[in-house]
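Below are two complexes that have chain A in common, paired first with chain B and then with chain C.
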Partner chain A sequence: MSKTWIGKNVKRHEDPRLLTGRGTFVDDITLPNLYHAAILRSPHAHANILAIDASEALKYPGVVEVVTGEDVVQKTRPFSVVVKTPFKYYCAAVKKVRYVGEPVAVVVATDRYVAEDAAALVRVDYEPLPPVVDPEAALEPGAPILHEEVGNNISCHRLLDYGEVDRAFAEADLVLKERFVFPRYSSVPLETYAVIADYDSSSGVLTVWSNFMGPFTLHPVTAMALNIPENKLRFIIAKDIGGSFGIKSSIYPYIALIGLAAMKASRPVKWIEDRQEHLMASSSQTDRVSYREVAMRKDGTLLAIKTKIIDGVGAYLRAPEPATTFRPIGNYVGPYKVKNLRVDAYDMMTNKCPTGPNRGYGCHQIYFEQERMMDMAAEKLGLDPAEIRLRNFIPADAFPYVTPSGGIYDSGDYPKALKLALEMSQYEKLREEQKKARKEGRLFGIGIAVGVDPSVSNMGYITVAMPAEVRSQPEYLPKSGAVEAATVRMDPLGGVTVLMNSTPQGQGHETVVAQIIADELGVSPDDVVVVDDFDTSESPWSVSSGTYSSRFASVGTSAVVIAARKIKEKMFQIAAHTLKVSPQDLELGQGKIFVRQDPKRNISLKRVAGTAHWDLLRLPEGMEPGLEARGVFHFPMADAPDSKDRVNSSNTYGFMAEVAAVEVDRDSGQVKILKYISVHDAGTIINPKIVEGQIYGGALHGVAGALFEELVYDQEGQFLTGSFMDYLVPTAAEAPKLEIGHVCSPSPFTPLGSKGAGESSSETAPVLIANAVADALAPLGVKVTELPLTPKRVWALIHDSSSTEVGR
Partner chain B sequence: MPDELRTIQVTVNGTKYDRQVRCRKLLSDFIREDLRLVGTHVGCEHGICGACTVLFNGQTIRSCLMFAVQADGAEITTVEGLARGGQLHPLQEAFWENHGVQCGYCTPGFLLTALELLQRNPNPTEEEVRIGIAGNICRCTGYQHIIESVLAAAAKMGAKTV
Partner chain C sequence: MKPCNFDYFDPKTLEEVVVLMRQYGSDGKILAGGQSLVPLLNFRLAAPAALVDINKVKELDYVREVNGKLAIGALVRQRVLETSEAIRSKCGLLAETAEFIAHPQIRNRGTVVGSICHADPAAELPAIARALDAEMKVVGPDGERIIKAEDFFVTLMTTSMDPSELMVEVRLPTLGPRTGWAFEEFAIRHGDFAIVGVTAAVTLDEQKNCADARLAAIGVSEVPYRDSKVERLIMGQEISESLLDQAAHQMVEGVEPSTDLHASADQRKHLLRVLTKRALKKAAGRALKGFEKGRGKNA
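So, the complex of A and B:
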């Protein structure tokens, strides 16, 4: 295959429709006789529901139905969850509310305005209960208990032990221990959740249009909750999704709730979440407190890591949680060759919104601890932060590399990437600038952060949330694999159509697929039509379908390659039969299949396609007519966790090395990013501009977590950041300008060598900025262990310091 | 009464519409639901994100912060009105060429904000572009490709008027 189109900045095929207002988002879809829903939500963090009176609401003109917890408990079942802990998570509150914003009732009416009017008329009598909002406090004896049937607030606890941790700590020259706090921030896509549900009572099929992004493991979960057979729950995903960054995995409880409303109302119902609802009650990452200990040799060798993590998962442990805790289990050690790791993980239920995937899922939290610790160790040992990392990197000749927790890193050259980042940043010069700045009394800091970027989640990793004894029971169905499918069709005139089911949310899949097909089949990308309309009743989907865990560039593209090569093989057979040569003698180029030794003997693709469709008696004997092939790609190393809890949690592993320089304003505590260098190894890059765009977006998401964004609750569990005036997302005025560099270690496990890149910098940016700010504040002798580094927090760090400044 | 009906006349993208609307209907909902011009997107409904930006008598406004009745007699341009005769506007072309679009949800608002910016300041610096578009939120791009798109459009549009 010649790489004519792979690696090129092909302009996106999606853009003309999106630039002219012709996209199709869920809210753009309408149905005949469509009704609209508004959701009444809990104003309390924790309360018993004594009574609900919807009579006034039902009398309101235009209202057709009100759904309450009573319907929920009668018509639906609690959602399946990952663990065996006996709490019940329904699609709306039943008898008790456990977080501010929990759905209590759904009003269905002729339009949204009327539905909202009537929601205000639903009377709910609450008996408030004491809440618990802090994950550590939830673990304390005597803490208020959310689920009486559980008896405490622990939804999941696992102690994972790899290598010889105690021995390594006993032999260490230096042991450091630190407490870290990582806040809740979220994906906050510009398009909120959106659901349209339509129940056909004659067939029993519930059709749901939504902006759900997968994984489709959650489709059977939703069907079971609704008590309908899986094949009678039809998910149609809108052609265009207005961003997701993880959060639209967690829409499925609302699919169930609006589905229930549509069934009860016997009418199609649309629900568009508003921004306040989204911030308050959709999903977010966990809030985490962690205690990390590292054992080091005095030369800077990292010998062992011990970490106790306490994740706040909110009121219910909602699938795919506790994946925040376990998604990075295979890459827990990051890029370092340390052999000994212990993770003591608690997932605590608290009176906050349930959590779920957010870009970087689980990685930015562990890299925050890890990369802060590397800097702290470097300082103690008198090493440069770059040097201590270089001394611990897995060497370039060690790949594929198996981590102590079972990750199989496919490829990489970590020293090369970090060295490139240092060179691009003019690191030595930056250190000189810093010396000068410090002499002038300015708070100038340089940060370094590195991270391994996992992509394509193994469907089995999450089962590590359950003890090996449970997983080894005969009745237990192990889970493994990571798969994607694509269908390639050539029509009678030689045109190529590719059917995908990848639920993209802005990643340009239509374009990337066209580029791959163009190279595989020797056509122009502009001539390839890519249809990415996901419909569970029509698409060749699997439970792992969807766009999450940066999976498309590895697994989706691979399925396309396989399908294209199948078609190509068939075309070669037809051409060989027609030209009376062997398929091995043939080559593809410029719209033709020709005899390698005698290019004048050739046949056009169009003629081959015509033969396959219209001249079936001229096909080789036994050949199936038509030109259509389905490619299915799956990773054979995506096995279930073993008896020692080792699991290859992802399938390809990229890398990023970043350097930033910041200046902190002493008087205001404001952090200004002066430089941001971001070097990536995403293997083979198919469309550089698209990859750049992913990096820019991911980096700003991480910077936002470092400096601005936090979902804040008060002591009573009241939610304080329900608008864009309180939840501060960065604008162009705050966004740093990135300089991007690439190294390329193609993955040996994918046909094109490609890896994911969509999350990448979102995993390292928070600690990158934290390290830079810590470096800036180093003369004040303060520690940076908590995000976000808002002016208020930084100002407090500056002014609470003992003011025994070094070097002033 | 919020539910009282009023008749309004608006010109949107050059087409005149006479419509009855309820007094409390938002302009953004009117554009999307009554006129079925669904390119105008709603992202926050409290005037911060800028996704619903349209040109109202030549100036950008947040259509989620106005009632449709307030638009009586107004001339409005939405994203659907930018391309003419199948020909993309230079701003749209620049966004296409510079990967200024990812999910596309914020894009209509950015295009109209950038259009007003370039009408006011045809040759902005990068800093001026950053400030000029700081009233619109994008969660996909980190803004870098959007900024490059606006600068490229300025160059393109400047070259055309010279």
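So, the complex of A and C:
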């Protein structure tokens, strides 16, 4: 295959419709006789519901139905989750509320205005209870308990032990221990959650239009909660989704809730989440407290890592959680060749909104601890932060590399990538600049961060949340694999249509697929039509369907390649039959299949396609008519966790190496990013512009977590960041100028050598900036162990430090 | 996030507006740019029975110079502060401060008078109004009256206007060549409400001493903060580094800022000190430049 189109900045096929306002989002969909829902939410973090009186609301003109916890407990079941902890998570509060914003009632009315008016008329009598908001406090004896049936607030606890940790610590020259705090933040996609539900009582089919993004493991979870057979819960995903970044995985409890409302009201019901609801009660990553210890040799060799992590998963453990904790299990050691690792992981239920996937899922938290710790160790050992990393990298000739926790790193050249980043940043010059700045009393810092970027989640990794004894029981169904399918079709005139079911949320799948097809079948990308619709009743799908864990560039593209190659093979057979040669003698080019030795003997693709459709008796004997092929790709190394809890949690592993320079303003505490170098290894890049956009987005997302965004609750569990006045999303004005570099280590496990890149810098940017700020504040002798580094926090670090300043 | 029901009126004349406001009183609300009011409605933090939209009352859309004062009508958008030559030349402080007010999209809708009426303690325009002793022309059922800035701002988002009154104009002094001015602020993101902001205007006399000094700060109290003690400290003096330091320290004496999500009280006090000095220094520097230029011309 010649790479004419792969690697080119082909303009996005999606953009003309999106830029001219012709996208089709859920809110653009309407149905006859459509009604609208408003959700009444809990104002309390923790309270018993003594009574709900909806009579006034039901009398309000335009209101047709009110759904409360009583309907929920009668008609639905709690959502299932990987662990067997006996808490009950329903789609709305039943008898008790456990976080501010928890749905308490749904009002269905002729329009949203009326529904909101009436929601204010629903009377709820609460008996407030003491809340617990901090994950570490939730672990303490005597802490308020959210779920009486559990008896404590632990939803999941695992101690994972790899290698010989104690021995390594005993032999170490240096042991460091530090407490870190990583905040809750989200993604704030432009489009909020959106659901339309319509129940057909005659067939028993509940049809739901939404902007759900997968994984479709959550489809059976929703069907079971609604007491509906899986084949009678029809998910249709809107053609266009206005961003998600993981957040929309967690829409399914609302699908169940609005589905229930539609069933009870016997009418189609639309619910469009508003921004206030989104910030308060959609999803976010966990808030985490961790205690990390590292054992090192004098020369900077990292011998072992011990970490106790306490994740706050909110009021209920919501699938796919506790994946924040376990998704990066295979790449826990990052790019380092350390052999000994112990992870003591707690997932604590607290009186906050439940958590879920958020770009970087679990990685930015561990890299924050890891990369801060590498800097602290470098400082203690008198090593340059770049040097200590280079000394610990897995060498380029060690791939595929198996990590102590079971990850199978496909490819990489970590030293090369970091060296490129250092070179692009003019690292030595930056250090000179820093010396000068410090002499002038300025707080100038340089940060380095590296990270392994996992893509394509293995459907089995989450079962590591269960003890190995449970997983080994005969009745237990192990889980493994990661799959995607594509269908390629050539019409009678030679036009190519590709059917995908990938629920993209802005990643440009239509463009990327067209580029691959163009190279595989020798056509122009502009001539390829890509239809990316998702309908559980009509599309081929699996539990791993969806666009999450940066999977498309690895698994989706591979399915397209397989389907295209099947079509190509069939066309060669038809051409060979027509030209009376062997398929091995043929080649594809310029819209023709020709005999390699005698190009004048050829047949056009159009003619081959025509034959396949119109002249069936001229096909080789036994050949199926038509030109359509389905490609299915799955990763054979995505196995279930073994008895020692080792699991290849993802399937391809990219890499990023980043360098930043910042200056901190003493008076305001504000951090200004002066330089940001980002070097990536995503294997073969199909569309550089799209990847660049993803890197920009990921980096800014990480900068948001480093400097701006936090979902803040007070000690009473009241939510303080309910609007964009208080939840500060960086805008274009705050975006640093990014300089991007690439190294390319193609994955040996995918046909194109491609890996994911959509999350990448979101995993390293938080610690990159933290390391740079820590370096800037080093003369003050303060520690940076907590994000976000808002002006308020940094100002306190500067002005509350009692140390004597140097260099002023 | 949908507003409660309200009646909507879009009168064409001021007279009609007055009639409607008399009718609705505290149940009515004037809609001009809507940049603060509409979010309040959508959050259901405000639920007026009637909105009186003045966007069609074209007689309120003017910038005039009257008796040495700049008169800005109630329909003048904040964006005009940047584009109007009259404003730039007569009161450059307004023109230069406009860029701190949110984003162009918001300034295109938001009005100068609306921001003053809204009396957000972190907004820039109320501070300028307070520092320059602006006059607010308000019209109500009992006719027209002028409220001085010092009497106008009562507390958080509260003014001394009667609910049935409408502010139709703000009058600001024009700033002469020997007056220098500055607006210094710290906001977390570009266009955010200020954490702390300080505006200063300094006028020099023939001896290059300070003839008049005005200072107002935002983000440190419930209304724009002005301290005559600080101003008196500077007046009659030659501007010096130590005088500015003294003034900056004095400015902090009278404030008790609060701690919130985005800044601590101590941080606000520190910023007030730093920004006061910065604003005074810049204003004095500009006044001196104007003074030199004026003298050059005379010579």
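Here, the second predicted complex is superposed on the first by the 804 of 808 C-alpha atoms of A that agree within 3 Å, B and C clash if a C-alpha of one lies under 4 Å from a C-alpha of the other, contacts with A are read in each partner's own complex, and residues count from 1 in each chain.
Keep in mind that, in the parts below, a residue touches a chain if its C-beta (ideal position, glycine included) is under 8 Å from a C-beta of that chain, and two chains touch if they have at least 3 such contacts.
Computed from a prediction, not measured in an experiment: that's the story for all the values here.
Touching more residues of chain A than its counterpart among chain B and chain C is B. In the superposition on chain A, contact of A:Asp299 is made with neither chain B nor chain C.
Judged by the touch definition given at the top, the superposed model places A:Glu70 against neither chain B nor chain C. Applying the stated contact rule after C-alpha superposition, one finds that A:Asp274 touches each of chain B and chain C. Of the two partner chains placed by the overlay, only chain C lies in contact with A:Lys792; chain B stays clear of it. Looking at the shared chain after the overlay, A:Tyr113 reaches both chain B and chain C. In the superposed pair of complexes, A:Ala733 makes contact with chain B and with chain C alike. By the touch criterion defined above, A:Glu56 lies against neither chain B nor chain C after alignment on the C-alpha atoms of chain A. Judged by the touch definition given at the top, the superposed model places A:Gly242 against chain B, while chain C stays out of reach. Counting contacts as defined above, chain A residues 113, 274-275, 723, 725, 731, 733 meet chain B in one complex and chain C in the other.
Within the complex, the chain A residues that touch chain B are 9, 11-12, 14-23, 25, 27-28, 113, 187-192, 240-243, 245, 272, 274-275, 505-508, 689-690, 692-693, 695-701, 723-725, 729, 731-733, 735, 737-738. Chain C makes touch with chain A in their complex at residues 1-5, 39, 43-44, 186, 188-193, 195, 261-264, 266-267, 270-271, 274. The residues of chain B lying in touch with chain A in their complex are 2, 22, 24-25, 32, 37-46, 48-49, 51, 78-80, 82-83, 88, 92, 95-97, 99, 101-108, 111, 129-131, 133-147. If you check the complex, the residues on chain A that touch chain C are 112-113, 116-117, 120, 274-277, 667-670, 708, 712, 720-721, 723, 725-726, 728, 730-731, 733-734, 790-792, 795-796, 799.
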